[in-house]
Amino acid sequence: MTLDRVCKRFGGVVAANEVSFSLSPREVHGLIGPNGSGKTTVLNLISGVTEMDSGNIWLDGQLISKQPCHVRARGGVSRTFQHPRLLKRCDIQTNLYLGIDLANMKQKSMTSCGYTLSELLDAAGLSINMNDSITTLSYGQQKLFEIVRAILSHPKVILLDEPAAGLNSKEMERVVALIDCAVKGDAAVLLVEHSMDLVMSLCNGITVLNFGRPIAEGQPEEIQSNEAVIEAYLGRGRSA
Amino acid sequence: MLKINNLYAHYGNIEALHGVSLEVGNKDIVALIGSNGAGKTTLLRAISSLVTRNGEICYNGENIEKQSPRYIAKAGLLHVPEGRHVFPGLTVQQNLEVGSVSWRGIKNASVAEDLERVFSLFPRLEERRKQYAWSLSGGEQQMLAIGRAIMGRPKLLMLDEPSMGLAPKVIDELFVKILEINSMGVPILLVEQNALLAMEVSQKVYILEGGRIVLQGDSKDIINDARVKEAYLGKLKEKVV
Amino acid sequence: MMANKKAFWIITILAAVLAITIPLTASNYMLRVVNMTMITYICVLSMFVVFGMAGQISFAQAGFWGVGAYITAILTTKLGVSPLLALIASGAGAAIVAFIMGLALFRLQGHYFGFSTIGLVMILNGVFQNWKPVTGGADGIGNIPAFSIGSFELSSETSSFFLIFVVSVTISIVTQKLHRSALGRSFMAIRDNEIAAKCMGVNSYRNKIIAFTIAASYCGIAGSLFAFLASYISATTFNFAQSSLYLVMLMLGGYNYLAGPMIGTALLMLLPEWFRPLQEYIMLIYGVGVMLLMVVMPEGLIGGGKKLYAIMQSKRGWATTQAKNDIR
Amino acid sequence: GSSEKATTDDKNKPIRIGVVSSLTGERALHGQYTRNGIQLAVEEINAQGGINGRKLEAVFEDDNGNDAGAVNAFNKLSGSNVAVAIGPIFSTMNLAMSPGIKKAEIPTLVIGSSNDIGNQKNPWMFQARTNDAISATAIAKYAANQLKLKKIAIMHDTDNFASGAAAVAKKALEDLNLPPVLIVAYNSGDKDFTPQLAKIKASGADGILAWSQQTEAGLIMKQKKALDLNIPLIGSNSYVTKIAIDLAKENAEDVYSVADYVTSTPIPKGQEFAKKYKEKYKIDSEFNAAMTYDALYLAAEALKKAGSTEKEAVKKAMSSIKDFVGVSTTFTFDENNRGGTGVWIVQTKKGNPVVIEAVKGR
Amino acid sequence: MVWQLIIASLAMGIVYGMVAMGMVLIWRAVGVVNFAQGEFLMLGAFAAYTLTLQLGLPQGAALATCALLMGLVGVVYHFITYWPLRKSWDITVIISTIGASIALKEVATLVWGPAPLAVDPIVHGIAKLGEAAIEWQFIVTIGVAALLMAAIFILLERTYLGHILQATAQDQYAAAMIGIPVVLATGLTFAISALITGVGGMLLAPLFFVTTTMGGITGLKAFAAVIIGGFGSVQGAIIGGLLIGFVDTFAGAYISTTYRDAIVFLCLILALVVRPQGIFGEKIAEKV
């Protein structure tokens, strides 16, 4: 997947300003930056929740930036949300399978994707009953569940918005395991996260945004020592 | 200053706390950690009387078990909730002014001094005083939530996951401010997922699991406890830090 | 799953028993009440599809009911079309109106769609009442023939019962299938979280229009049945209050369960019969009853019943569902 | 249904007469008058020994003030073994009930005034009222000939009764070579008539003919004054009903109307009724009460003539009623079952309608 | 004629505005649409009848008493329809208000009877303005309504108490936490809402008589005003009310006297399609 000079403004706020980067299959790409720097906005633009002002997005050589949200989802873009958005009044089964129904995944067998549902649930540390109401899951479980659901439709790109927010370090390991599964299934992962532990240990490449504009791109090590990034985002305190 | 003894809390018929005891001293920062769903938020809500509770809650020697949220806020026990909960349709300044409701009621008392105090602590908020709260960034909203609590003239501040969703740099700045507030003589009860950070700034730690305190002690000791390392710091931490 | 199967059979058998016993035992008047109840039930099912499943509040359903009734009335009295054809045309006509309105109105998000349907029902009502050459204006349309197939006429209350019964059972089954289908699941996804649904690949704009159209076709059919049964129709029947009544019935029964519409409709339609001596207070009882039931059972009778069942099963069950609503 | 094989009439029990009226809903006040009128008549007849040796009993069913309710109420009655039924004064409700009446084959007296009621040619439905073809023509003639109005505006409700009557009046005016300068309509339940009245004012009309139900009549009289529109108003029966005059108060002064019954009716029987009614209920009698009182006596007359409660016989007897003097007018049923034969032109003076001319229809 | 219509539409518009403003207040306080707002109007009108004609209070005292009583009605209403349901889905509250609207109509029928009632105006007679004539009561209505609406607007937007009420409306959980007595704040908002609409009813009573059904269509048109003005906006409610009054009257005079309600609602739909957020939009946007 490739983003080419993607822009979005809200009134006076430029939330995404000429954002360009690309993802290859099996890559985990980090997207970091200060609060309000436009990370979520970029995910919204990729998944089609918000329309972009200018720029292009290609997936597998196909221009998707003019497609509506649901077409992109069927074409292999799946995502999670900063606050879990689950189907509150549906049972777990409906929550899980809806995406699969629609991505026309029925014909492909799960195992050919490199993982099974139970493997995924194991990785997430979730033991659930399919007929239970979704509200029986705690906040952390809901976040993990959303990732499982996103992976399950066997997408080409998975967009994760702060999957580890509100999870403790132990629980973050589950996120890591899930992302591993996704990579095994040949998906590319775009990870938005504030937990540097997670980002630095997982990502192959990182893009740093500030005021909607990319200020650095590179390997985790380069980013960690980049002056501009330290200035804008990491800070010099404890973590330096 | 705050002494909790054998506290139970309920959501409907579900019991979320099963007899928690905890103490916050006069100048302390006390950290409370535990995994998701352990009951940390519930404990703070119970102290603020926002859930059904029973057990002894002694605040400055007075048992406030039966009191209303308003009484408790008035007494200076202020709570910065998980997820910020600023008033989105009010401006920054209006949010702060409303924060003083606990001590001034609906009277038009002067709050200029209190506002000054908050603005000197968080200059960012002063720049945005006319902006609606919903349009603030996550970090700014967190500052606003804390600022609003400070407007209530806290004698004890409870912070619920202040670092959630914030950029590392902002977290650093925020914790500097938290320490600053503490140094002004306000004891703090801090709930944090980032256990390492929490233990670094606090003097005392309680670990809550399944609605019970499973471990407590001085932060310096607990931080080196192998069990804690295993349970809350995880392998990731070791790899990177 | 098992429980659902069992429930399905219980309902089927119950329906069969009712189909045989009601016409044999009920007076003509009670049969008329039952017939009206079933017609209303179809409209409430329509509310179930558009609101219960797809989460779009619609106050236009009584308007579509009227569209169906008028189509049948006009086709049979003025153009001499056969009743069966008129029945089908009514369903289709209401669906077409809904489809066209849906194209425009579903550009609106969230509550705003619901608000616009209030406008829709008022406009439809205005047209029924004032488009004299076509709808007869305030005079309405009378002398609508009874339903017939070929030369076999269903003019008695009993034969109408069978017609309406068969249609409502058919529509119930269609709804049941819809509820289980991928399309139905996508409706529910839209109801619960439209943005998430979109990101899972649901074409929410299209599917909302589909739900609205399907629902309107139910109402159109119900309207046609009503026209045949009443043989006189006029504008005052098809108004906003009627639509909100459907909503109330659905919510009282339980919006998230297929049996909800049935229970809610039966309760409110038969209520006046039960409280006949209190005729003057019936509307008061009704209004206060609705308020009380909402307080006691916000999830409707079925939801509330399930909770009670859960209490009996284990005390915890009640608590979880209760507690999760605690903080919004 | 099983009730078809209803128990054959028990000769020792009273004869049941069903009454559909508005006991609840916006029109519940009508229901009160109806109930009073019916009950007064029933008591009188029973005091004189009843009909064919049997007492009468009135059974009331609520129509909720709307068409669907009226249909429902009639259905309820048709299942409860009534010999004759009496319908409400609202034409649209009568028309809504018509198919049901035909199906149930119960001789039914309805009190709406619309011309369409007779046009239904429903052999079981009888109009116990003077119909609008007569009264609307009378109004038009009175306006043109007596009041010498030249530029007349017509205002009417869109319901069946009012729009039908307005059409008759329009035709009558055209026949008199005085086509109306303006016709404006409104929907039942409207509250604000400023646009209509302002249009009439702007049209330069020198008089208004209006057909309305009572509440609207009250509002129209009031708003006409408020707009400083000082031209004569000649209204339908509603304009001199107690309900409308009580609402419009001083604004009802001098308004003309065509009425079936007013307390000052010249008919002796009517005056007697007014007295009895006032004695019994401590309030003035009123159009609703008088019409239903008449309807009940008509029913009794038919039952008496038929000598049984057999439906076909009662129907026959009803159609043959001739020159029956009621409290409102004289009734003779024609081939279309239209009964009433005349109305009164009245004018409100000091809050009371007084008769100024009699109109004979047939 | 135009002048005549303008004055009439202004008076009607301001009454729609008062009902609309009441709706907006409740919407902002607890996030639900109150389908019984029109019945507050009706209650206010009946109160006018009882206070002036049955109890013989002078007009000024009656107005004040009516305002007080309606405030009380608002508080009671709050505790019956909203408070027990505050934690459940908002649609259940809406259903509850639909139930309340039916029940209130019936209570009114039981207390005051089904017949329409006439009420004396505060100031008798008609005023002549050039070729147009208008009842003094209309002018009084416009005056009192404008004053009251301005007062409430200032209270909400400019005073500290108003900010407290707004804060509670926006986040009850946080409001409780910082020490706002939430019951009082929501109850007070309901009281103000019922008060303004009820006073609207009292002013309207002498103009259109008092009936138990007077709230229905007025309520729906006021609701249209709320939407056209922009959901949740107090200014919007006023402007929307005036617009609806204008369309209502002028459509009646120049387009069709019988389709006028339909035209009003057609305008509502057009307005929604063209500008869904209404004239003054919603201040708070949803972030993804």
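Order as written gives the chain letters A, B, C, D and E; numbering starts at 1 within each chain.
In this text, contacts are C-beta pairs under 8 Å (C-beta built on N, C-alpha and C of every residue); 3 or more make two chains touch, one makes a residue touch a chain.
The structure presented is a predicted model; accordingly, all values stated were derived computationally and were not measured.
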item	value
Shortest chain-hopping distance from chain C out to chain D	1
Greatest separation from chain A - chain, by CA centre	D
Two chains sharing the most contacts, counting C-beta pairs only	C-E
Chain at maximum distance from chain C, centres defined as averaged CA atoms	B
Centre-of-Cα separation between chain D and chain B, whole angstrom	76
Distance between the centres, which are taken as Cα means, of chain C and chain B, whole angstrom	50
Where chain D and chain E are represented by their mean Cα positions, the distance between them in whole Å	37
Chain E: positions in contact with at least two other chains	173, 258, 261, 288
For chain D, residues contacting two or more additional chains	24, 158, 187
Chain A - residues contacting chain B, complex	32-36, 82, 138-141, 162, 165-173, 176, 194, 196-198, 200-201, 232-235, 237-239
In the complex with chain D, residue positions of chain E that touch it	1, 4-5, 8, 12, 109, 113-118, 126, 128, 133-135, 208-209, 211-214, 217, 248-250, 252-253, 257-258, 260-261
Residue ranges of chain B touching chain E (in the complex, touch as defined)	48, 50, 68-70, 72-74, 78-79, 81, 85-90, 94-95, 97-99, 101-102, 106, 108, 132, 134, 148-149, 152
Of chain E, residues touching chain B in the complex	160-161, 163-164, 166-167, 169-171, 173-181, 283-285, 287
Residue ranges of chain C in contact with chain D within the complex	23-32, 36, 129-130, 137-140, 142-144, 155-158, 230-232, 234, 236-237, 279-280, 282-283
